[in-house]
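The structure that follows is given in the form of structure tokens.
Lettered A, B, C, D and E in written order, each chain numbered from 1.
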Amino acid sequence: TYGCSDYTTADKTGSSKTEPQAELTKVIAVGSQWYGHIPTFVGIEKGFFKEAGFDLEWRFIGKSMDRLNAISSGEAQFASLGEIAMLSAMAHGNKRFYWVGNQDIAPGFEGLVGGPGIKTFADLKGKKIGFPFGSSVDITGRTLLKANGLVPGRDVELVNLEVGDVPAVLRAGNVDAALIWEPGFSQLKAVEGMTVLGMDTDTDIYKKFHTMTGPDVLILGKKWTDNDPARAKRFLTAYFKAIDFVKNNPEKTAEIVQGKYVQQDLELLTKNLKRFKWLGAADQAKVMTESGIYGQADYVTEILKNDIKAIPEKPDFRKWVNLEVIPSGSN
Amino acid sequence: MKNKKNFELWQVAVIGSVGLIVFLTVWEGAVRSGLIDAFFLPPPSAVLKRMIQLSTGTDAVLLRDIRVSAVRVLVGFALSALVGVPAGLLMGISPTMRAFFNPVISIIRPLPALSWIPLSMLWLGIGEEQKYAIVFMGCFASVLVYTTDATMRVDPLLSLAARNLGAKRLQVIRHVILPGALPNILSGLKVVLAIAWTCVISAEMVGANVGLGFRIWTAKEWSDTGQVLVGMISISITVLLLDILFRLVERALLPWQKHGVHR
Amino acid sequence: MTETLIKIQNVSMTFETRKGRVEAVSDFSLDIERGEFVCIVGAAGCGKSTLLNMLAGFVQPTGGSISLDGDIIKSVEPRCGIIFQNYALMPWMTVLDNVSFGPRLKYISKKERHAAARLWIEKVGLKGFEDAYPGELSGGMQQRVALSRALANEPDVLLCDEPFAALDAMTRQLMQEELVRIQRDTGKTVLFITHSIDEALLLSDRVVVMSARPGRVKAVYKNDLPHPRKMEVQISERFLELKREVWDLVQEEVMRSIRERA
Amino acid sequence: MKNKKNFELWQVAVIGSVGLIVFLTVWEGAVRSGLIDAFFLPPPSAVLKRMIQLSTGTDAVLLRDIRVSAVRVLVGFALSALVGVPAGLLMGISPTMRAFFNPVISIIRPLPALSWIPLSMLWLGIGEEQKYAIVFMGCFASVLVYTTDATMRVDPLLSLAARNLGAKRLQVIRHVILPGALPNILSGLKVVLAIAWTCVISAEMVGANVGLGFRIWTAKEWSDTGQVLVGMISISITVLLLDILFRLVERALLPWQKHGVHR
Amino acid sequence: MTETLIKIQNVSMTFETRKGRVEAVSDFSLDIERGEFVCIVGAAGCGKSTLLNMLAGFVQPTGGSISLDGDIIKSVEPRCGIIFQNYALMPWMTVLDNVSFGPRLKYISKKERHAAARLWIEKVGLKGFEDAYPGELSGGMQQRVALSRALANEPDVLLCDEPFAALDAMTRQLMQEELVRIQRDTGKTVLFITHSIDEALLLSDRVVVMSARPGRVKAVYKNDLPHPRKMEVQISERFLELKREVWDLVQEEVMRSIRERA
């Protein structure tokens, strides 16, 4: 079950620290089954956080905005989440978190899947498309539809779904097509009669920036960070250590998280992880720049404000960025 | 004999308005003074502004949300009344029926509408039927229990009197049990109608693209706290309006009852 | 006046309760003539209401039999109209609907039953209140409605279970006079239960004193006071003599039942 | 006078058991005969098996879920009673208070517990406090209204009698209003306790990793319909047990009331 | 017996209601002596209860004044103990707790107040029922508890608002005898409201007849019937003479109030 992390293995395998457990700093991280959280799982299982003096508790929260809210309330300290939710929260005035990095730019793991009988965008006319509103696939879906001349509300009907419900709902035929990311995406692709109509790699955003629609962002609680920036840096150091492990050992990683954290076939998971593009500590200096992800974020806020009208104004997201706590990448 | 002040209706209205104004002013003040972060709790003025935005202009989504949710509530509620009232009457009249069905009912009754989401999606998908079903399951057992209760409370003396005047079993039910239970059935239904609203908010969590519940859930995804509050306040207002409507129905159906002006 | 209408023969009634058997009425016998006004007095809980319920056919005696006009009463008997202490009017029916409820149950046309009901409503002095609901009337007025409802159903017998006990002394007096007038007009047979010996003496042709539980006939008094029984009669020697005799008997039974309960 | 059969307690129990058995048999039969696909509705036998699995062995999660949910219910409920009962008493006693707060209360009252999720997460995160807060918000206004009602229903004659015996204002409240309102307050609290359970299921939708609500939601994600049903039945059983417990408390607190054996 | 305890002087009471002003009592004057037993009779709604409420200090007269032992009654007056028709016992208190409730409010020790209460309970014949709850007692027994509760609070005056109207005729008779006995034993001053002229004549030293609303003193009768007022007295000429006179007056007022309402 989620959240029942087993620290005893970590203790046996690689803890070099000698302090008793009582001195560990309690940190709560929140996340879901999405690949972007895998470094956290690995950090827990391999004992990286414990080595750095953190007792990391992981809790399942399916939606990005829920994770961000958990951090804003002070309850949780660390999360990876979708850029879309972060930008939207910024636009609505949430100032209680820092954007401290971007651990993966992994396009090609989400897309629009058509059910039986839906082979092309033209087939979608008059049909129902389900996906979790407010997530990255919201943007992916809308840009793809726009590019193919379909107007939501007129040509197609959009339905809000819970992340975990998407595969089942499409398979049951309750919607005609669905948008979803991994591991649900592979799950659907594998079903007979399903057709991938489009992916995030087919969007303007990808063409312009070579990123997924809503790349993963790393978030730290503002108060927690400000209270002890050194601690935050120590924490991220451990995190990026995990990233490096994941990057360099996709097979081992898959074995560690499969079944316990990610419910996906080991082979498929391994294959996907080999494809997945991770960004380490050293990459951050490149990514967190105007020429890096900022331009992409500017472009997305434009879409959010003008096309979807989900945000009242474009937030100056740069004010939320805190690069002080990113460890200087060594490897 | 009463030692209680008894306010006139207008006095109640004035004091109540003052209460409301104080509440809103404190809220607005707390946000403006910076005591509360506007992101965490937008002030009433901002909520009002958002409410106007959402209910005017090219796509006045709010009114459509209210309408759609209201239809879902009313259909699910009406279905539960259609099944629950006759079944409740039967259980109220027959001790055997009552003893027979009570355990099953008491298992179904405590289940929150929310807990029916998984099964209802499996059985009915994500269309309107599923929304109706969730409201229905959230209401049905309560309607049944309220009706059973109302039926059992009908003064047995009245049944005796009717039988003494020559009423047969069915006539007693038609002329005594039914009208005698009606006031309590109606007040039960009034309570259930409010429950139905809480159910529709559950139902609209998944597989919806319109409705007050949907409005709140998407607003949450977009971190639009103002819109969350607009959704909540719309629920309150709609429930209050429906309640007034229901009272009028009650008055029309029960002309023989004294209806207090205010409690 | 010598035709027997109701024949109560060795009737007894035993209830099975969780706490055991309760013998409410035991070996009760009484003949009531057509047109007679019989009052029954007795200590609280001595079985008066049980007796009435048997006459109305709500419950069957566990022993003996009751016959009305020669037929043994085996089920609910609409020929015996009841008037309860608490009126038992349908609160959701207007006075007119209440009074015409009996005929309605027999599918008599609205026009016909309303016309008949109006007559009765007038006879009990409620003209003008046809469209009022019972809740809008005083206790005395409600009791009048109950009376006319019973009469509109054209019963042979009126069974009254302490019908005036809930009224204040003055209203009660007025109702007593009305009931006597109507009974004399219509010649109905009346069985009237009361706790008040004054009331029994003012109304009845005969007074039956019941023993404490299990109720039996303890004594029967022929009430030969002249009509109308206004104040003069109530001061008469005979009235006071009867009152004292009945009182002494009832008192004895009350004491007995109190002793037995303690 | 009653024309109703009155069953003994054991008769009610027997008939009720028969009802339950018939219900379960029909369900089992419908699945076994293939009338219903076991994936859509696992038979009672399968649910029972799953229930045993979940409540025995190395990690008996079910009992832990029940315990955690029960604690959340009880804390939230107790808080709402702690605030709602005194406030309700005050509103019941003072017509001014009542008129003042009524509008605000009637806005808060219809709001489903579920609709507090967005705000509560924003304010309190995903810890226990947030769960308590959702239960609290779902219960508080109801407790308040039930208590106000109970207070107003205390026979004013009793207050007069007490004042006639020399009771001062506070003594009247302490010796008359409070004990006089207690029975109705308790039956109100009993209703609210059931509401509290529906709230905790809402609260455990997000940011929980243990609890009956969590159990149902994860089971849904895994398409484990059997476990969904285990969760639902566990709610029913727990609510029923708590109800019995509550009745015992009621009996102890109100020795002067006649408590029916069964309704 | 000539010391005036209660002085009611030109008292009037007007209620402001939604439908306008209601004059309940108007220009009512009466002196009551210490140890006297005064009964008030009058048509329904003539203002009897209102008068009693003013004596208890629950409401202040809108005109005139009421004084007790020389002090004007300005607020709730525990020296005037009330006995209501519906007993008004605390259902959650045992008989003992109900009877010792008044002393408890004065913070008298448990031992002391229980001892005193037991005496009163015994005096009204309820020994053995100390631990019963009111709901477990019959109406007559509850009324005895109410009586002893009032007495245990040691009031100077007993105000009784139709205390026996809810009892059946026989229990009522017993309670009447008990009240007279206790009043004679303790020498309490009693103001007793009733609808029953028989009751008034059996109990009182004086009978006050009130007019229809607004209530005024219509007539006062000195009741010189000898004690004890058993059956013999009730047959006497004087009893019947008084009864008829009072009856005629009350009847007149009832009729007037009915006419005015219609």
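Just so it is clear, contacts are C-beta pairs under 8 Å (C-beta built on N, C-alpha and C of every residue); 3 or more make two chains touch, one makes a residue touch a chain.
Note that the structure is a prediction, hence the values are computed from the model and not measured.
Path length between subunit A and subunit E in the chain contact graph, taken as the least number of steps between touching chains: 2.
The greatest number of inter-chain C-beta pairs in contact is found between B-D. Ranking every chain by how far its Cα centroid lies from the centroid of subunit E, the top place goes to A.
Here the spacing of subunit A and subunit C, counted between their Cα centres, is 85 Å. Rounded to a whole number, the gap between the C-alpha centres of subunit B and subunit D is 18 angstrom. If you average the Cα atoms of subunit A and of subunit B, the two centres end up 39 Å apart. Chain centres here are Cα averages; for subunit B and subunit E they lie 49 Å apart.
Multi-chain contact residues, meaning those touching two or more other chains, occur in subunit C at positions 58. Residue positions 1, 3, 121-122, 157, 160, 163, 205, 220, 225 of subunit B are each in touch with at least two other chains.
Shared contact sites, meaning residues of subunit A that touch two or more other chains, fall at 63, 66, 69, 165, 168. Those residues of subunit C lying in contact with subunit E across their complex are 43-44, 165, 168-171, 194-198, 231, 234-235, 240, 244, 247, 250-251, 254.
Note for the complex: subunit E touches subunit D at residues 56, 58, 76, 78, 80-82, 84, 86, 88-93, 101-102, 105-106, 133-135, 149, 153.
Looking at the complex, you find that subunit D touches subunit E at residues 155, 157-158, 160-168, 171, 175-176, 179-180, 182, 254-258. Partner subunit D is touched in their complex by these residues of subunit B: 1-7, 11-12, 15-20, 23, 40-41, 95-96, 99-104, 106-115, 117-119, 121-123, 149, 152, 156-157, 159-160, 163, 194, 197-198, 201-202, 205, 213, 216, 219-220, 225, 228-229, 231-233, 235-237, 239-240, 263.
By the touch criterion given at the top, residues 63, 65-66, 68-69, 85, 88-89, 91-95, 130, 132-135, 157-162, 165, 168-169, 172-175, 310-311 of subunit A touch subunit B in their complex.
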